[in-house]
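Labels run A, B, C, D, E and F following the written order; every chain starts at residue 1.
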Amino acid sequence: MNEPVVYLNTGFLPASQAKLNIYDLGIVLGATLTEMTRTFRHQPYRAMDHVKRLYRSLKYAGIALPLSPEEMLEKTNELAETNCKLLRPDEDLGIVHFVTPGENALYAGSAGAAGPMTPTICIHSFPLRFSMWRHLFTEGAHVVTPSIRHIPPQCVEPKMKNRSRLHWFLADKQSQAVDPRAITLLLDLDGNVTECAGSNFVIIKDSTIITPTTRNILWGVSLQTVKELAAGIGMQFIEKDFQPYDVINADEAWLTTTPYCLAPCTKINNIPIGTGKPGLWFNTMQAAWSERVGMDIETQLMRSAL
Amino acid sequence: MNEPVVYLNTGFLPASQAKLNIYDLGIVLGATLTEMTRTFRHQPYRAMDHVKRLYRSLKYAGIALPLSPEEMLEKTNELAETNCKLLRPDEDLGIVHFVTPGENALYAGSAGAAGPMTPTICIHSFPLRFSMWRHLFTEGAHVVTPSIRHIPPQCVEPKMKNRSRLHWFLADKQSQAVDPRAITLLLDLDGNVTECAGSNFVIIKDSTIITPTTRNILWGVSLQTVKELAAGIGMQFIEKDFQPYDVINADEAWLTTTPYCLAPCTKINNIPIGTGKPGLWFNTMQAAWSERVGMDIETQLMRSAL
Amino acid sequence: MNEPVVYLNTGFLPASQAKLNIYDLGIVLGATLTEMTRTFRHQPYRAMDHVKRLYRSLKYAGIALPLSPEEMLEKTNELAETNCKLLRPDEDLGIVHFVTPGENALYAGSAGAAGPMTPTICIHSFPLRFSMWRHLFTEGAHVVTPSIRHIPPQCVEPKMKNRSRLHWFLADKQSQAVDPRAITLLLDLDGNVTECAGSNFVIIKDSTIITPTTRNILWGVSLQTVKELAAGIGMQFIEKDFQPYDVINADEAWLTTTPYCLAPCTKINNIPIGTGKPGLWFNTMQAAWSERVGMDIETQLMRSAL
Amino acid sequence: MNEPVVYLNTGFLPASQAKLNIYDLGIVLGATLTEMTRTFRHQPYRAMDHVKRLYRSLKYAGIALPLSPEEMLEKTNELAETNCKLLRPDEDLGIVHFVTPGENALYAGSAGAAGPMTPTICIHSFPLRFSMWRHLFTEGAHVVTPSIRHIPPQCVEPKMKNRSRLHWFLADKQSQAVDPRAITLLLDLDGNVTECAGSNFVIIKDSTIITPTTRNILWGVSLQTVKELAAGIGMQFIEKDFQPYDVINADEAWLTTTPYCLAPCTKINNIPIGTGKPGLWFNTMQAAWSERVGMDIETQLMRSAL
Amino acid sequence: MNEPVVYLNTGFLPASQAKLNIYDLGIVLGATLTEMTRTFRHQPYRAMDHVKRLYRSLKYAGIALPLSPEEMLEKTNELAETNCKLLRPDEDLGIVHFVTPGENALYAGSAGAAGPMTPTICIHSFPLRFSMWRHLFTEGAHVVTPSIRHIPPQCVEPKMKNRSRLHWFLADKQSQAVDPRAITLLLDLDGNVTECAGSNFVIIKDSTIITPTTRNILWGVSLQTVKELAAGIGMQFIEKDFQPYDVINADEAWLTTTPYCLAPCTKINNIPIGTGKPGLWFNTMQAAWSERVGMDIETQLMRSAL
Amino acid sequence: MNEPVVYLNTGFLPASQAKLNIYDLGIVLGATLTEMTRTFRHQPYRAMDHVKRLYRSLKYAGIALPLSPEEMLEKTNELAETNCKLLRPDEDLGIVHFVTPGENALYAGSAGAAGPMTPTICIHSFPLRFSMWRHLFTEGAHVVTPSIRHIPPQCVEPKMKNRSRLHWFLADKQSQAVDPRAITLLLDLDGNVTECAGSNFVIIKDSTIITPTTRNILWGVSLQTVKELAAGIGMQFIEKDFQPYDVINADEAWLTTTPYCLAPCTKINNIPIGTGKPGLWFNTMQAAWSERVGMDIETQLMRSAL
């Protein structure tokens, strides 16, 4: 088969056959818990960390799965192995997990009280299209803070990676009115910096990496990697509320995220951050990361055919 | 064909074939705008009001459709006509519209910048399972205010009927821990009463119907019907922030919603509202509504085989 | 007996014997619902309105009494009749109702699970000491907004007249640092004007009486009297959020309260309101009220020996 | 005498004679500052810490006492010595201090301006009824977060231990609708975890004890004990805002409180915390505490006749 | 003299000599209260309304002037008469009042306690440059809601027209990044629409003009004019909190302001309002206004040489 | 020349000639960024730190200057050298920088679109009038928390030292109604302690200096000095939200500020802080500071003729 496979509910099937019923609560309610993992050299990176976070989200949402975390990891590895065979050596995969509570019985035409729902479980992958992110490494990212605010945790908990994300879609429209390539950085209701749609956002000041607090963000596995690597390259890592002023007057700012790991952020609301160029700490951290995964992350990203 | 049809994107197909790609932004982001209409005696009720509200939601979300509202109405009527043929005379349909921005090109394996997305458009229907709501008319609804708060409009605008609704799923779990049949009534961040997951909530005091303000709610077509009928039966209708104290000490409380139109709410957080029984104003309003639609709403609901 | 009586739990006893156990939840938790009524010419005024509000508070707090509202009114009238005999003709009574959930079994030395608590019910009275309020009529009241904010309704509902009022005690200390005779006017968390410790606060602008919204205040029976009298003297009455700016630039401001009914408020935070003198609308409203109760309210207040 | 004594205002008297006047501001305003101490083997534990915190509360509330902290401690010890004589050896006392500003002169029938009030001072005790808490050690506590929110410090300061606590009474009703044995855990207005009515609440993650910040809680003497013991058993102790997600995904959670010192909390809103069983760190901390006080705390609790 | 005059403190002087000391609290603290009036056909329009509002601002700020409102009006008229002589007939003036508390004695080198400050009083004028606003009438205004929020009234009261307006300067930079001609429309901390830097903002829905509430806005004299004219042209006028959704789905939106009176607003955040064209109600209201002032407002604006 | 000089825009001029046009945005909008530096023994102290902070403010505000920070420092030193010649040896200077975006072209009578504005740049100085602050060292400061709240950073960022400070002027009136010498200490919208108008505010507890968080304050150069000196005298320094309760029950409290460096604060809202006397830690910190600057700060302040 020269088509990738998708794991759906109980087994693997060709990607082109992976469909959801329109009555699934993922589509009816946006009630979906999710994860995104990547491979390095065709091996899933920290997949168990992602799986565990998925199960924390599910526990919070009160959804029990028939698969144990270990079984989920096994399926993940199986999918990665199969789908990586379709890649060239310099390519890698993004692997997505998502789980919904199952189908809306009423819409599906069945009686509402006909027993518990069966969760929908899906694992799928896609080749990382590195070309989409190259400009982040040549120019640096431009983050824009739109008028829309991040949802507070007493409404929807951001630490639970989920897909009720319509506000991100709308916020992106506002940000992209400022710059078509802008990446949205949401403020919370108090005006604190939180996170980007697909990445964490940190600033660097006096050799300290500062992340927004766990109150307002999904704690990324990539952010965790940055935290773990910090001491080894002579940096401190702290968690603290901060505001756009701190970003503007930081030495550097970074995005951390699964697909491209780490990118320099050089502009916020059209104002340069630090010198307005990717910084030295960025280079050092990226090098440490490349060393950890045994390949040059940026080289792959800049040169891959994708 | 003895299977209902679904309108998906460009035409009708059998319901069993109506699937969404797992890369659709409806499932990836919960970025779905939606409506629910019902039929009375197999005729869609106020369908144009629903279609117009859908287009207001789409305008807010920046999504343009190839169908005009008139065309959307036409498809809706066509679907209703077809699918009602599968019903018994005492049955009726719920008709769901939903629209998403289209598919996530990255996940789908295509280049990210490959042109604008094509929105996903769906209209489907289901027979109203009246048996699910009968207890509301014999006992009255029990609303519970959980710890989770409604999302404020500066994050996600409730006037835009949408499906980023994970917080409702979680809030229901909290409410149902108090009473398995409880209906969730969310408070806003300031502790004001807002709305239920699938219905508006109003209280009656001294012959005045009081609705929460437009700040916090989707303005239901059924709520609008209540407003229009009020003067004719000697009631006033006002919009005002209120709190659980006002509910507890109201004369009556009602739910208004598309599938069953109007139901008495007789309890909040285990405390009886008014006498704790469906009230006289409820009967009067329901009678006015039945008269308007030319059939006895409650009789259908209590007696239909569904 | 030349001592007033107090109704406590099940019957009347001399005031000097009316004590509460130190284990009563009124003292242990401040869990007390209360009312204050006054007599005019030795007759309780709107006593049933006060009793009904007490029962609304009790319903909200989930406390059921063995006495019906009608029985409570009867006891109230009986107490008033007895205690008024000790008054001179130009004097009148304040009558206080309070109810607590009963005693803390643990502190009282009994087993915690020894059955439901029996509520503590108390009615007592005191002669209205008019001399305390005379300066309000010669100079007008001076309200001060301290740094402390009113408790929001999602924490403690102000419409439930209760005695968890430590914040008023502390706020008074702040206000009285500005003026020893200052009356505290609390702002809510958003900076809106709410109410005074023992009175409602309204402003008058262009012949309209403006009260803070029901969100933030106990709706006083005296405020209700003002509302009822307004149309008869050519005034409008509306409910609306307002801020200190509106008070400073109002035509007049009033306090409404059970003991002295209505007083002019002529200063806020040392800034004169309107002309800084009691206004014409005040005189008109007070006259209407005196007419309703069949006696000159201010004459009694200024001349009574008390 | 085989009745315990109570210290009231100026001296000791039999408990059955300890009553408060209904005009006391403790009952009129809930204006009461308080403390709860316990004995271990009939000796008051950290009584001076409790007395000092009482005086901090009084300083904040602007209430000056005729007794110095040292004199208050002396009275406390005297009361403990007397009342412990009525106990069996395996029993212990809870000792309560409370202070109010004194009596409401107006209600009491005296002139309002008749000089400064004299504070009411009370110390009383009760045998700790260990049987009430045994299930906490066999099953673990179940905390529930109701819809009602904790009062913010700009309204009533939680660091001042006080008895304007009606909202706890109401919140308990909401929590106990979920589980009759539920312990209320209030969120603050921002959705952060705060404290329980009679205990502090902490979570344990990766050998670190995490307490909510001083912004939102009374800093318990038992919490302080936990902090002091942490390093000795290889734990860290930090202060940080956290949310229900963190509780659900913690390794363990504990309640700390004077009467039973430390209890495992194994469930929040019906979701198990960690394994859903009392954890190993709990056992270690409880053992350290038992060692410090020279007796096995849990043995007493499980075996005492009370 | 062919130079306009300025009134400064005690008398008139040529505009080129009107300077403020750098120690003035207007520059040191932004502590400036202000007004803007315009002339129609060289006559100040509603100047007394502006003067009265200035004195309300001054009363709120606790600043007393040696000039009475009547004297201030007289100076205003005198200045207008003088400076209008320099205008062509089709031109008109903007007239600015501003008042500061006076000079900072410390900075000025004088002793800090050397007596009360003398307020700085200034009246100056400028020709209305109609060409700046012409595009508003051909295209309609484009309002943008930036990330920055309006200051809440408990911090700085917007009903007091003042010049601590740095946030408007910063907000304009954000808005103009979306569209160089964008007009900033600030949301409040709750996401409600408030006002523009130099104009009020209203929407029209079903023949009703809806203004944000007095909580959040300076009540413009032009807004007042709109209110007064509404009934005469068959419109209602109400005050209500609303959000961007309501703007997007309004029939029309308008700016009201002193210099150009009324302008259509046709776009918000790049989304068309109503049809995206100036509406019929706008034409009707503008015509009513022109009639009231006896000249065609738009003709002047479009044709004046300025 | 025996008059001090002022640097204005492009060069030095006599102080008496330093005026601003009334059209300057500093006066029109309060759009002014500023700094205050002092000399010790006629040498500017940490002037580069102040200049750098000014440039951070300007970057945040989007204002670019023709002067580099180094050139600004040079002008500052030049001004200090010139103006110090007018001082006696025991006197010192306060040096003020302020920058505005330039002039309002419309008001100035020029076309609005006539090119970019030229910023107004000013450096001026004044002799430090030590006598104004002596009572702070004999009695200690009395801080008062008024009803007005500090502006949140999502409206105006306090880390940007600016002059849109009308709320401080109004808050001072409220505080000074309590005590004419009171220094205003603003709370934030959540009731946290923030800062004073011209100084930072810290508390000392158990040898730890606690400052409010960077969210709510301008990080003073004097506060930074305190932080740097802390370890050397055996103190810790942390950043944390705290409330008035913490101030009342602190060991000491201090003001830190450029003109007098460090002062004891001994009272808040009429309640003594700690012992109510300047504390030992204060003496130690002040001595360390004096040592760093090579002169006895308090001796100068108490004895200087100014």
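Some notes on this structure:
To be clear about the criterion, a contact is a pair of C-beta atoms (placed from the backbone, for glycine too) under 8 Å apart; a residue touches a chain by one contact, two chains touch by 3 or more.
Just so we're clear, the structure is a prediction, and the values are computed from it rather than from any experiment.
Looking at the partners of chain A and chain E together, the chains they share are B, F.
Chain B maps onto chain C through a rotation of 120 degrees [Cα fit, steps of 5, range 0 to 180]. The geometric centre of chain C is 46 Å away from that of chain F, both derived from CA atoms. Distance between chain C and chain E, defined via averaged C-alpha coordinates, is recorded as 43 Å.
Taking each chain's centre as the mean of its C-alpha atoms, chain B lies 57 Å from chain F. Touching two or more other chains at once are residues 60, 62, 147, 149, 152, 154-155, 173, 187, 189, 191, 244 of chain C. An unclassified topology is adopted by the chain contact network, corresponding to no line, ring, star or complete arrangement.
Pairwise chain contacts in this structure: A-B, A-D, A-E, A-F, B-C, B-D, B-E, C-D, C-E, C-F, D-F, E-F.
The touching residues of chain A, counted against chain F in their complex, run 187, 190-192, 241-246, 248-249, 271.
On the chain A side of its complex with chain D, the touching residues are 56, 59-60, 62, 152-155, 157, 159-160, 213-215. Here chain D touches chain C in the complex through residues 4, 6, 8, 15, 18-22, 24-32, 60-62, 96, 98, 101, 106-109, 111-113, 122, 124, 126-127, 129, 131-132, 147-152, 154-156, 162-170, 173, 189, going by the rule given at the top.
Contact residues on chain F toward chain C in their complex (touch as defined above): 145-147, 149, 173-174, 177-178, 187, 189, 191, 244, 269-270.
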